[in-house]
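Chains here go by letter, A, B and C, matching the order in which they are written, and residues are numbered from 1 within each.
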């Protein structure tokens, strides 16, 4: 029940969806379409998992007056009030959009733009030419870096042309190889999941 | 502490270097983009009234690259009087769809339901997109506002995914792969990918294979598209700053390596000197 | 400078987050927790709208089949209940099973057949010959089975063939490095693409130093 049941669920759903693709029977196609559509609902539940987890974590912080519990209060107020607003007045309401536009959006964009700063530091400290592979990577990286923007063309007309050739030819060949290899791997892994040979998605829980 | 100060100097110079061309534009040339040109030509040649789907996978984490291109393509569709359906598989996508709706209604006189429809967000990523491709009418019964889609004249012309002239996505993820897998491979509906620059080396292969009819790649692709439709906007303004930013990071890499080789040489000399002294 | 309170609110949030670059401080932590709360609430709300429209509304209208995904969805939360966590495996198995099957239906054509077809091109130019060599050598990097060795260290299979594969893989590695270089270049472009709009907001919309665009 605890291990064989889930394996059976993965097998049955996987086989029906596959059958819907490979066989031309309307009943099977309808079943397959239905199962795939249900996945939207289950995945929607999964979206709340992170929120519930953080809610528990910060709730414990507040109740136990742990270190930095005041920040947990800020999280709680933001989480609960925005969730209630969204459910009660819908995401299309002016209030919901106001908060999204003026608090959430700027914070999220700024948070993600951090990566550039760390990448800049890495350019100075970490990217070292220690062997021929690193040299090839850096030279092609430099050409593509310049070739993608106007300054490359301003230095020499050849730079954007070489950059485009790198992306179109050797890069395309390498990506094609990776794609073929990766796709074969995905197919094999998917078959293993459906047949119940791959059960890592059940790991992490003893009971 | 010394390390920290050096890092801050590097960051401050980066900020100033990128900021200056935004204030004082250099007007550097943009260069060609054959894959962007292909996307533009394909959309440009669609007849008036064609129905297109724009999959807006845009979020604050990637809007710097994706929003300008989505806006440019949407404007192009509107200029050509195509009908637009907007779909999304990321939670933030509908926010951007509403911005496009506002633009369509104010600048192009589009009527919601007749010329444009926003489909609701669907969780599930690739599976949700596959579900849309396999049976769009079963996958969506209501629009983003909860109104039955059958109330709209535009929806009456959408019986299946094959009624769509082109599907374009604006993504920082794998949507271009999903389109190739579930829309192009199964139904041969033309697909265009607008993706972040980082995905270009991968997406270009799908363009070369013919799985995508066009590719708009990062800020450069967006700027190229803006210029094609004669509406220089957010991306065009960013290109000079991109240029200087790229140059600065390249100089940092070269400088870092010079320091590294010098230190390595000094280290070797130091060791040899020490041996001689012994 | 802008007089719009909305712009000021957004600017304060942006500056709060950026203040971390100097060092961790209370201003950052307030903005961080606010952002975290809003983003997770937004996810939960969007999830809720999907559950309501696709699960609960059909149930209310007597479509009992919608009970299956709703139950599976609820079971996901069993992982928070000690002793009942195993129940969430059913939901995960369902998600994984469907995703695996959907992957197979799409990947075989788009990821394997079309890629191989795309690699086969007429050899009518130097570039085409180079492309062929690049394709073959890059693929040979992933020939793990031919390159593997037996228990006594001997190469499995024909030695001459093995040497050929080794040489091909060396060239292939060069091709892969060129590709990774291209990825590196475009990564920097993508990261700058995230930073520049924030500068445009702070120095344009807020301080009005950067001229606005249409």
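Brief remarks on what is shown
Definition applied: a contact is a pair of C-beta atoms (placed from the backbone, for glycine too) under 8 Å apart; a residue touches a chain by one contact, two chains touch by 3 or more.
The model shown is predicted, which means the values in this text are computed figures rather than measured ones.
Contact topology of the protein chains: fully connected, every pair of chains touching.
Compared on C-beta pairs in contact, B-C and A-C come out with A-C as the pair having more.
Of all chains, the one whose mean C-alpha position sits at the greatest distance from that of subunit C is B.
Here the spacing of subunit B and subunit C, counted between their Cα centres, is 14 Å.
Averaged C-alpha coordinates give centres for subunit A and subunit C that are 4 Å from one another.
Residue positions of subunit B touching 2 or more other chains: 11, 61-64, 91, 122-123, 127, 130, 197, 200-201, 205, 208, 218, 220, 242, 246, 249.
With touch defined as above, residues shared between interfaces to two or more other chains in subunit A number as follows: 36-37, 39-41, 43-44, 46-47, 91, 100-101, 104-109, 111-113, 116-117, 119, 138, 142, 145, 147-149, 167, 171-172, 175-176, 179. Listed for subunit C are residues 21, 42-43, 46-47, 49-50, 98-99, 102-103, 105, 107, 110-111, 115, 118, 179, 182-183, 186-189, 192, 194-195, 197-198, each touching two or more other chains. Residues 21-22, 42-43, 46-47, 49-50, 53, 98-99, 102-103, 105-107, 109-111, 114-115, 117-118, 179, 182-183, 186-190, 192-200, 203-204, 209-211, 213-214 of subunit C touch subunit B in their complex.
Within the complex formed with subunit B, the subunit A residues making contact are 33, 36-37, 39-41, 43-44, 46-47, 91-92, 97, 100-101, 104-109, 111-113, 116-117, 119-121, 123-129, 138, 142, 145-154, 160, 164, 167-168, 171-172, 175-176, 179. In the complex of the two chains, the subunit B residues touching subunit A come out as 7, 10-11, 14, 26, 28-32, 34, 59-64, 91, 94-95, 98, 122-125, 127-128, 130-131, 134-135, 138-139, 144-145, 197, 200-202, 204-205, 208, 218, 220, 239-240, 242-244, 246-250, 252-253, 255-257, 260. Taken in their complex, subunit C has these residues touching subunit A: 6, 9-11, 13-14, 16-18, 20-21, 29-51, 54-55, 65-66, 68-70, 72-74, 76-77, 79-80, 83, 85-86, 89-105, 107-108, 110-112, 115-116, 118-119, 127, 130-131, 134-135, 138-139, 141-142, 172-189, 191-192, 194-195, 197-198, 201. Those residues of subunit B lying in contact with subunit C across their complex are 8, 11, 15, 18-19, 22-23, 61-65, 91-92, 120-123, 126-127, 130, 142, 146, 177-178, 180-182, 184-186, 196-201, 205-206, 208-211, 217-220, 231-234, 236-238, 241-242, 245-246, 249.
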